[in-house]
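A, B and C label the chains in the order they appear, each numbered from 1.
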Amino acid sequence: MLELRLVQGSLLKKVLEAIKDLVTDANFDCSATGFSLQAMDSSHVALVALLLRSEGFEHYRCDRNISMGMNLNNMSKMLKCAGNDDIITIKADDGSDTVTFMFESPTQDKISDFEMKLMDIDSEHLGIPEAEYHAIVRMPSAEFARICKDLASIGDTVVISVTKEGVKFSTRGDIGTANIVLRQNTTVDKPEEATIIEMNEPVSLTFALRYMNSFTKATPLSNTVTISLSSELPVVVEYKIAEMGYIRFYLAPKIEEDEDETKPQV
Amino acid sequence: MLELRLVQGSLLKKVLEAIKDLVTDANFDCSATGFSLQAMDSSHVALVALLLRSEGFEHYRCDRNISMGMNLNNMSKMLKCAGNDDIITIKADDGSDTVTFMFESPTQDKISDFEMKLMDIDSEHLGIPEAEYHAIVRMPSAEFARICKDLASIGDTVVISVTKEGVKFSTRGDIGTANIVLRQNTTVDKPEEATIIEMNEPVSLTFALRYMNSFTKATPLSNTVTISLSSELPVVVEYKIAEMGYIRFYLAPKIEEDEDETKPQV
Amino acid sequence: MLELRLVQGSLLKKVLEAIKDLVTDANFDCSATGFSLQAMDSSHVALVALLLRSEGFEHYRCDRNISMGMNLNNMSKMLKCAGNDDIITIKADDGSDTVTFMFESPTQDKISDFEMKLMDIDSEHLGIPEAEYHAIVRMPSAEFARICKDLASIGDTVVISVTKEGVKFSTRGDIGTANIVLRQNTTVDKPEEATIIEMNEPVSLTFALRYMNSFTKATPLSNTVTISLSSELPVVVEYKIAEMGYIRFYLAPKIEEDEDETKPQV
């Protein structure tokens, strides 16, 4: 028996919007710890990891660990039927091949039950070890989304270069080149507007803008995004989900052919 | 000679938006009583009836009963050229094969005349007898529109079931099932937010969502919608037009194959 | 060496949006006077002339007259990456085959450099003599845009007829005819809402609505538009750019086949 009641149901709606374009089918894993998901995108290039901790739910009952395979597009269609102020409850009976999403309006005058068939999905859970990163950039999520969108109008890949002074996003395409430099800036009125750089050594890595732009679909979940970079590891793009957990996207750097481009030029 | 002056011209714009996707060509009937229309949709499944009473017009002159055949899409194109605050006057000379829509801006600094050719349209006026209904539901029109839109993302038909406690909207599709229950609720701050059920006996009927969604194009005309249901009659979905009249949509229920679905389960 | 710094960078963004659909490639001419452009549209029917005077720039350095050929679509892609509050600087080194657009955010925390390749474009600069016009109409630019858009839903051409009392815009299409009359109106609360007619003699001219609608892309640049009409000259549709200059569009009248339509009927 599974019953997870989330008062701020809009969070779950936003989570689905953040990942449904990247991942088609995935297992949601439910345990005493929380409600989580780990899945590769359909071309097996990017990895997404979601955690919603049990403490973040108003009511959390999960009698035994279960894994529920869902088509994220269908799940998204159902969650779109929830109002933004609705309470969402996820329910599943033991051994059932369906999951039920219940939406309650704030006034309790409208109660909706959406029942979805579950799927059998083969998946292996990757262990992701804690790692040291060369540089960690925390910045406003809307600014990161804007930069990825802007650069995609010029080129296909972005070189992210970090020095102590700032972070540079560069691209190159048929019509020209673009360099966008953000300065470290911790003295802002609102903490979520800061750009904060923790750097152990300078790093410059190249990524496909297509994936970066897909990750930024998570922007509505958090005012800030954290980008963790290391030359031997996939980048981690993390959006915290207020007091509940996170969505993390992992993407391996591209091997850069043009050596000049990989040198930090901030 | 026909001359109908409507100060709140935006009403006529909204009327056209409400019916132009359902009905292609139709006769507008003008008499001392008012300006009215009755037409089947192009597949002859749904019926729309419009009445704008003569008292609702600032000036209403109709020397003799006339019937003017119009292409609603062309009429809509012309009315879209009226500003939302414009006064609209409909004019036709006796025996003329054109109708003129005149738009006056509130300041009278902009006066537009749009002249449209009339069409000969065969149509028979159906007498719609007053009837007793098993159940009448009055609810916020935006809520009804939201429910029809949401259910259409899951299935093709909606089962509307009414009991004293509430009204249930259900559907079933490839990806699962959905049930939305609205409770009777008369103690709301604003009367237009109430859900009021008048019931003589429980009723459960199935309708094509495609038509229901088409009817909800009339939502901007009224804060509330009234749904009158009877097992032997077409449903009536009525939007009142403030102090002027109404738009009513009629749709025959589908014969339900799955008996379980037709029982009220509220 | 060229370096033009424009604090209100959004002006340049709006200029590009105003002309990029009309003109594909064009030479921007830079001299001590200012930054200017003159180009025909791709079908060689309309002419656009832009002037941004040097005094309007915060910093204006142009060591020698140069002409820079740009693809306006690519230039627009780059300028769209500037924030609406950004300062934009246009830079080019002598003899370079590239131009650089630098965008500085108001806080100076984000600095972007976009470098675009220049093109060789053959063009001849037309001398446009000062002329006397039969009638000059100044009116709100949004109203002019609305009228051109509305009429294009009915017909392909617009007849603009000016008398002392007002200006009439007429069209005719398969579904009917439309006449929109604006009265001269100088006693308005806000000067930009006035419709002012200076007339030496009545004039009635016919133009392709496709081009007029293209010109109205400049509407965000100015609250008012000035239309200068003469029976022997192309119409001039002018949008002033606050304290900096203008965009002017020139379009030759069509020879009207239906004589009745060309007579002023205001």
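Just so we're on the same page, a residue touches a chain if its C-beta (ideal position, glycine included) is under 8 Å from a C-beta of that chain, and two chains touch if they have at least 3 such contacts.
Everything quoted here is computed from the prediction, not taken from an experiment.
Note on connectivity: the fewest chain-to-chain touch steps from chain A to chain C number 1.
At the interface between chain A and chain B, under half of the residue numbers appear on both sides, which makes the contact a different-residue one.
Chain geometry summary: the mean Cα position of chain A and that of chain B are 44 Å apart. Multi-chain contact residues, meaning those touching two or more other chains, do not occur anywhere in chain C. On chain A, the positions that touch chain C within their shared complex are 143, 150-151, 153-154, 175-183, 185, 195. Within the complex, the chain B residues that touch chain C are 71, 74, 77-78, 80-81, 98, 107-117.
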